[in-house]
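For clarity, chains are labelled A, B and C in written order, and residue numbers in each chain start from 1.
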Amino acid sequence: MTRRTRFFGLFMLSLLALFGLMAAHAALSVRGAGPALREEALLVRRLELTDLCLSTEANYTRHLSLADFHTAFQDHPLALEHFPSGALLGPSPHLRRSHGQLD
Amino acid sequence: MIALDRARKVFNQGKPNEFVALHETSLEIEADRLTVIRGPSGSGKTTLLSLIGCMARPTSGRIHVLGREITSLPERFLTEIRRKTFGFIFQQFNLIPGLTALENVILPAYPTGEKRSSLENRAAGLFELFDLKSKTRSRVEWLSGGEAQRVTIARALINDPAVVIADEPTAHLDSKLSREFMDTMGRLRDGGRTVLIASHDPLVYEHPAVERVFHIRDGRIDGDGR
Amino acid sequence: MASWIERQKNVLDFTLSSLLRRKGKNLALLAVYTLLVFLMASVMLATSAIRKEASIVLREAPEMVVQRTVAGRQDPIPVAYLEKIRDIAGVVSSDSRLWGYYYDPVVGANYTLLVPREEEPAPGTVAIGAGVARVRTASAGDTLEFKTTSGDIRELAVGDILSTDSELAASDLVLVSAADFKSIFGAADGLATDIVVRVANPRELQTIALKIAERLPDARIILRDEMLRTYDAVFSWRGGVLALLLFGVVLAFVIVSWDKASGLSQEERREIGVLKAVGWETSDVILMKFWEGAVVSLSAYFLGVLLAYIHVFFFSARLFAPVLKGWAVLYPQFRLIPFIDASQLTALFFLTVVPYAVATIVPSWRASVTDPDAVMKGIR
């Protein structure tokens, strides 16, 4: 085996090893995150929260599941999306189901 | 040993730039002899060598190598025959830069799956033979013209071929190196190999080791001397 | 078998020397490729982590939320509606919720003010989320000013600061007493923001929801299921800007692969000619070209994914922050939990490694089936 091949072999092996380390780290972190997640879930229950706080730009990006069809256009029918996060966080699937039973 | 039976080669057939490189040719290359194909550039020498060395297929006609007809063989078998039977020495050396002399020499044997150490041993023997031992690990870009020439000869011999083919091998060599080259070819012939050289260099075709000369002009064999 | 391995090793060695001969070009290629994988993997890892966390945490969300809509907009819901809901069979409890958005002009941030049902803060005090504390550099004991609808300033003392572990859910929350809430927002007594409903049997949820919809025609109902599905959908790569970003990255891949596949340089062609001339079969040349593609794409894949993992889980996907943050001042500093979706990473592998390896073979195939006598002639 030439030096080249050996070096490449080592390179790939170390990448694979790091990959393994990454998987191990992920598994351990997930297990370790148990208490924090439980606490967070408890907080959601206690405060009766319905959404994650991902964006505080607009009310329809803050409470994604509670937003309705019209919120984004409340100022004017032609008020097109002007919040950056609104472009990223689209409407919920239950909104797109028009004339649903509960509408 | 190698026989051409009305072999003909046409390039770009059917297109406006159609060109007959070799007209219907029948000839026989005898085993264990040093044969030279002599002719000016553009005469079809290289095409003839390609056909003989299984590097190209004739447009029509047949070619026999060691008694076996190779014209209609599938590519896979053709390549195997080429690898086992022929060793090529090119006009432009065609060594791979960035590789060492050793790596260039064992390159033809890479796909065989032979262990590298055994390949290197074989190559070491050849390096001894051609006085290249000190250049084994040198990059080919750093070799002198003569050294590079010897590396290409060693490469041609790595698979222990029965036939050695050289195309204008002295084109980039001075007279001293040209003579040395022909001496080496003579020794190969003495060792039981068939040598076939295409050249228009008098230092080649007038060398005492040469046993047969074919003249070729405009894609046709003129006559043969000796 | 042993000879097969030897053949691979030898061909690989030649491939590596070939790549090293054009070191600059190939390193640049590797860098670009790694960057593309990095972007894709970052998006994949971040979205699946958020999705997973949402699915776990929001399982504790209220089963049903009832809103009131007037002229197409959400309007405060009359507390009197509670009665109409309570006497539906299967309803365990229905309670009103008080919450709203408060814009703080001091820092230009939006908070969510909420009156908690349990442990309501004493009037004059608030509990704030970690994001609020950060943005106002407030700690326990400090006071925050809130402007009321009547124009007065209400000073509230900071009591608790919610843990940073729950930033993803509670970063912008300000928990207030009902009295303070009403004075800040001027909310009338008989109105609430919305109503939460709890049922005895979760399977009856739909039926009960339908009944509520019948009784309260101006009501809009959202079920927990829908809340969960929201995050699943928003952060799936089939939706919105993420799909666009992925499309852009895939397009970049295609361009890089196309460049490779559209042809060989003169030098590469000559090299193939020499290999054929010294006895390499077409399949050997193809093997070499495959290794060439595989070396680059495998390295890029592993490097890209590793870097993406570090980026998303050690640096909280900092590169994507501006997109999510937008113009908001308050942005939750969450540490995502590495819920890795192996199927996504596998899909990424096939999306990146395979096409590139194939793209490298395509142009060489044509050159390698050509008779090597072109080499003898000296390719011009």
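Heads up, the rule we're going with is that contacts are C-beta pairs under 8 Å (C-beta built on N, C-alpha and C of every residue); 3 or more make two chains touch, one makes a residue touch a chain.
Since the model is a prediction, treat every value here as computed from it, not as a measurement.
Trainee: Quick check: more C-beta contact pairs at B-C or at A-C?
Mentor: When A-C is set beside B-C, the one with more contacts is A-C.
Trainee: Report the chain whose CA-based centre is farthest from the CA-based centre of subunit B.
Mentor: Chain centre farthest from subunit B's centre: A.
Trainee: What's the distance between the Cα centroids of subunit A and subunit B, rounded to whole Å?
Mentor: Taking the mean C-alpha position of each chain, the two centres sit 66 Å apart.
Trainee: So how far apart, in whole Å, are subunit B and subunit C when each is placed at the average of its C-alpha atoms?
Mentor: Comparing mean C-alpha positions, subunit C is 63 Å from subunit B.
Trainee: Please report how many Å separate the Cα centroid of subunit A from that of subunit C, as a whole number.
Mentor: Computed value for the inter-centroid distance: 4 Å.
Trainee: Which residue numbers or ranges of subunit B touch two or more of the other chains?
Mentor: 103, 116, in rising order.
Trainee: Specify, in ascending order, the residues of subunit C that touch 2 or more different other chains.
Mentor: 9, 13, 17, 20
Trainee: Mind pulling the residue numbers of subunit A that touch at least two other chains?
Mentor: 1-2
Trainee: Hey, which residues of subunit B end up touching subunit C in the complex?
Mentor: 46-47, 49-50, 55-57, 75-76, 79-80, 82-83, 88, 90-92, 94, 96-99, 103, 107-116, 155, 159, 167
Trainee: Would you mind writing out the residues of subunit C in touch with subunit A in their complex?
Mentor: Residues 9, 12-13, 16-17, 20, 50, 53-54, 56-62, 65, 67, 69, 72-74, 97, 101, 109-112, 114, 116-119, 129, 131, 162-163, 165-173, 175, 194, 196, 206, 209-210, 213, 220-223, 226-227, 229-231, 233-234, 239-242, 295, 298-299, 302-303, 305-306, 309, 313, 322-332, 337-340.
Trainee: In the complex, go through subunit A and note every residue touching subunit C.
Mentor: 1-2, 4-5, 8, 11-12, 15-16, 18-19, 22-23, 25-26, 29-30, 33, 36-37, 39-57, 59, 61-62, 64-66, 68-71, 74, 83-90, 92-94, 101-103
Trainee: Can you list the subunit C residues touching subunit B in their complex?
Mentor: Residues 2-7, 9-11, 13-14, 17-18, 20-21, 270-271, 274-284, 287, 369, 371-373, 375-378.
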